[in-house]
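Each remark here refers to the structure printed beneath this line.
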Amino acid sequence: VFNAFGKLVGSTQVNELGQLETPIVLTNTLGVWDAARALADWELAQPGNENVRSINPVVGETNDGWLNDIRGHHVRAEDVRRALESGAGGAVEEGSVGAGTGTMAFGWKGGIGTSSRRLSAAEGGYTVGVLVQTNFGGHLTMAGVPVWKELVPSGPAGMAGGPRPDRGGSCMIVVATDAPLDARQLRRLGARAVFGMARAGSSGGHGSGDFVIAFSTTRRFDADGGPIAAQPAPAESALSPLFDAAIEATEEAIDNSLLRATTVRGREGHTAEAIPIERLREILRRYER
Amino acid sequence: VFNAFGKLVGSTQVNELGQLETPIVLTNTLGVWDAARALADWELAQPGNENVRSINPVVGETNDGWLNDIRGHHVRAEDVRRALESGAGGAVEEGSVGAGTGTMAFGWKGGIGTSSRRLSAAEGGYTVGVLVQTNFGGHLTMAGVPVWKELVPSGPAGMAGGPRPDRGGSCMIVVATDAPLDARQLRRLGARAVFGMARAGSSGGHGSGDFVIAFSTTRRFDADGGPIAAQPAPAESALSPLFDAAIEATEEAIDNSLLRATTVRGREGHTAEAIPIERLREILRRYER
Amino acid sequence: VFNAFGKLVGSTQVNELGQLETPIVLTNTLGVWDAARALADWELAQPGNENVRSINPVVGETNDGWLNDIRGHHVRAEDVRRALESGAGGAVEEGSVGAGTGTMAFGWKGGIGTSSRRLSAAEGGYTVGVLVQTNFGGHLTMAGVPVWKELVPSGPAGMAGGPRPDRGGSCMIVVATDAPLDARQLRRLGARAVFGMARAGSSGGHGSGDFVIAFSTTRRFDADGGPIAAQPAPAESALSPLFDAAIEATEEAIDNSLLRATTVRGREGHTAEAIPIERLREILRRYER
Amino acid sequence: VFNAFGKLVGSTQVNELGQLETPIVLTNTLGVWDAARALADWELAQPGNENVRSINPVVGETNDGWLNDIRGHHVRAEDVRRALESGAGGAVEEGSVGAGTGTMAFGWKGGIGTSSRRLSAAEGGYTVGVLVQTNFGGHLTMAGVPVWKELVPSGPAGMAGGPRPDRGGSCMIVVATDAPLDARQLRRLGARAVFGMARAGSSGGHGSGDFVIAFSTTRRFDADGGPIAAQPAPAESALSPLFDAAIEATEEAIDNSLLRATTVRGREGHTAEAIPIERLREILRRYER
């Protein structure tokens, strides 16, 4: 947790037990409770879970209330179920999709972004993957270039009550790795992801509920919470390359969430423009990137 | 948080901001998400909140799945709404009521209990009130008397899969005071409540999700989170009498939750007996209490 | 950490890395820094550590300033060194010894106490041992008997500025186990020890800096922080018996610290009396213990 | 605490009570205990403190063992005392001074740096000042310019066992403000300072013990921990400009610690070069800064 002004359902139990019991679902702020209920129902309906009477769904959110009629509760249980059942390997959709459909970042259309890094064999050959749901403000910086000075979003700035490019919002960050980190080490890994946010230009504003959840795909538990034979956790001194990977992948995932987003028109004519790629390219060229 | 194996919805934001935005609702484990949604809806429907697009409902729970058909989701939005609207001052119902209808403690029927202490005028004259939802195990101890050695619950022990008197369950504790404590001091106050659990005989088992939430009735905030003129927070050295009060009131509230509970027959013939008051009285007398 | 009004040197790094780099030393409040320096020097002087330039000594304390001329800094580096080098297996000295020489608990002479529990083979056969340095107040309760009502310490109560039996002081608790718990599980184990304090009658006062440090003797690390082949950590659901053991052993260790303490006369004629064992025996008999 | 692989003496009590009892002293890793003792002695020797028997000195550190003969304990009690007594208002010395004499950052000579921001009158007119002790690695970035690609430190890279420019080390950050923030808000403020580290290029390595301590100059306490009449704490929504200020000032203070550092030759011929200002200027010009 960087800034707990947010509603990451299930996070306290994950911290206590070091275990995820369900997939992670992302949605909008006022949709977390319905999504948690739907996720719990889906999990309890799995074969073998007939007598389970406790489950800890994990649901993150950011507030897309500028574009989305968030009080209308348009995300329904069947949407959650469909998302859970259509999950698949391969490329991840990015931009104005899923829980990123209505989010905004730095005054532009934000959304879902992803990125990953693979360590060299000498460093363990592990992969760190990051997925972000960007909905925050600050001073947009790409590869160190102060994009915010050059490209000013026209939309919301011109609309009364629109989100300020330099403030607010939130960011949900999910970090996955196949390194066999234990829960304490995963906390350390997750903490680094906020460095990626900082580099992308986040202002860490009061209203930005910024949560990171990090998990390992190679450390699994049975229903009693007993470890299923895993490699031992790596030495602490072997973590630094994983930390680097988490920082870089987070920064790049944030960039990708903007670069892949498309302009979205939402409730009451509110509009969030996609960042203009061509002009961005020129700017980066000018700064020798 | 003593043991975060539980689902106190909204707790992370309360810790970050030090503010409650809604009443606190208690229910069963699988009902927290529906209750949170209902509580959020109710709050957003209050006059003046037409344009509010974020709210942090606080909902605690314990798992009453032995008596309650918890997978059936029988607590509905209208139940939450009715509870919110029928709230009133005066005596608090205790025992097998509300979120305590299906809970068990130490192998007996548990439930809702409450107690309070008032400090002397020299110590500030403040009141500390505690409400508990008891659903945990251990070795029942009243006023130091090892009741567990003398009175053995027959019900669940004799039923396959029933809750063990010495284990599991959870306890939700709400501590209210009119002392103008700030958020940091309220954390300190809440931490003491677990001493009351310990004295009542809780085993602090792995499965017992034990949460305390403490608030002050005299420290209020406006919609921006700005403080409404309050007395200054008391000196740290003045807190000890409040800590004593929280410990004593928590222990007594736990006792009351048992003493006021009535026998409840639940799903599939599962039964939880009320602790037999007359035999208890004899035992306490024998131990000179 | 239950109440961090205290000076457990080295605790933050232990939490981050989950590793102890040195033995744990206990002393008085104003002696922690000299003891930490001495402990660090001793560790750095071990063969093989010639090029080590960082070390995290762990030193706990309680404030014995009523009996001890604490501002005089009478514990010196050579005392720490001697303690480190004379460490041995076997029975542990209790009472008015070492860091417990000047401490007081419940208005009586406190000190060092220890106790342990062994789990049944079915529960893993593990041992949990607890060592306490008692220097706190409250309402002394032994095996549930309200000793405080029957036996009132005459000493300090009668002396101006003496420690109140019901307040203040601190407690250091060290929990050791041969169960192969990881750092997160050790935190959970340590948290239970405060239940033992609560049962012994601690008031959890503002001024009581209460720290628990729990470690496993079967989970070891090499100099890089890499795990040395260990059994896997047990399932969470197997922890409850260990929790019970920690609670019981802590309560008993606190009792032992009082029962083994001897009357000590300190600076300026201040005296702390040992609890009168014979009268205590009568009281416990009367309450059928 | 960002990464608690470090030894910030006194931090746990500051978190619990929300109060500093002494000035903050910075030194090297193996010198913290002597410095804490010296700081405690100095404070206890102040007029009026004759009967004080508890004090919580706060001492931070980074590890300068490459240049400094850290095992030699060359910082003595009289050095600490002199520093405490020569403290004065006005400009702050920066670079290779005090606790920054032997530190290195990004492969260059690091040290002490400072910077501040003042908010507009509309935002409260408050000042946020930051002081850093830089001793960490990563990829040096100034105003977004990837300096690390252009300027490679020759010194330590060429010496066996020298600190890697991209790793390790630590950073101590002290944030001071005249805004009347309470302890919870100061934690939030301090958390933002790590964004400044991230922007400067820190890799957040495993070995980097990164601590922030934030305090308010306008919220004072008497000896009992009672608040001395202060303005009320500001609304949470007013904190964002303070957060921005902390981020910017931290980044700039880190830059200043490098820009003001001078080349230092230490033990065994180890040398850390100051960053070459002229070449740096050219690079920044080339990137249009």
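Labels A, B, C and D are assigned to the chains in the order they are written; within every chain, residues are numbered from 1.
Convention: a residue touches a chain if its C-beta (ideal position, glycine included) is under 8 Å from a C-beta of that chain, and two chains touch if they have at least 3 such contacts.
For clarity, every value in this text was computed on a predicted model and none was experimentally measured.
**Q** Shared touching chains for subunit A and subunit D?
**A** Output, common partners of subunit A and subunit D: B, C.
**Q** Rotation angle, subunit A onto subunit C: superpose the C-alpha atoms of these two copies and give the value as a multiple of 5 degrees.
**A** The rotation relating subunit A to subunit C comes to 180 degrees.
**Q** Any idea if subunit A and subunit B meet via the same residues, over half in common, or different ones?
**A** Same-residue interface.
**Q** State, to the nearest whole Å, the distance from the C-alpha centre of subunit A to the C-alpha centre of subunit C.
**A** Once rounded, the distance between the two centres reads 43 Å.
**Q** Between subunit C and subunit D, what is the gap in Å from one C-alpha centre to the other?
**A** About 34 Å, centre to centre.
**Q** Got the subunit A residues that touch at least 2 other chains?
**A** 3, 16-17, 188, 236-237
**Q** Going by the contact rule at the top, pick out the subunit C residues touching subunit A in the complex.
**A** Touch residues, subunit C against subunit A: 16-19, 182-184, 188, 221-222, 224-227, 229-230, 232-238.
**Q** Touching residues of subunit D toward subunit A in the complex: what are they?
**A** 2-3, 141, 143-146, 167-168, 188, 191-192, 194-199, 202-207, 236-237, 239-240, 243-244, 247, 286-288
**Q** Could you please specify the touching residues of subunit C with respect to subunit D in the complex?
**A** Going by the criterion above, the answer is residues 1, 3-13, 15-17, 29-30, 32-34, 36-37, 40, 44, 53-57, 63, 65, 70-71, 209.
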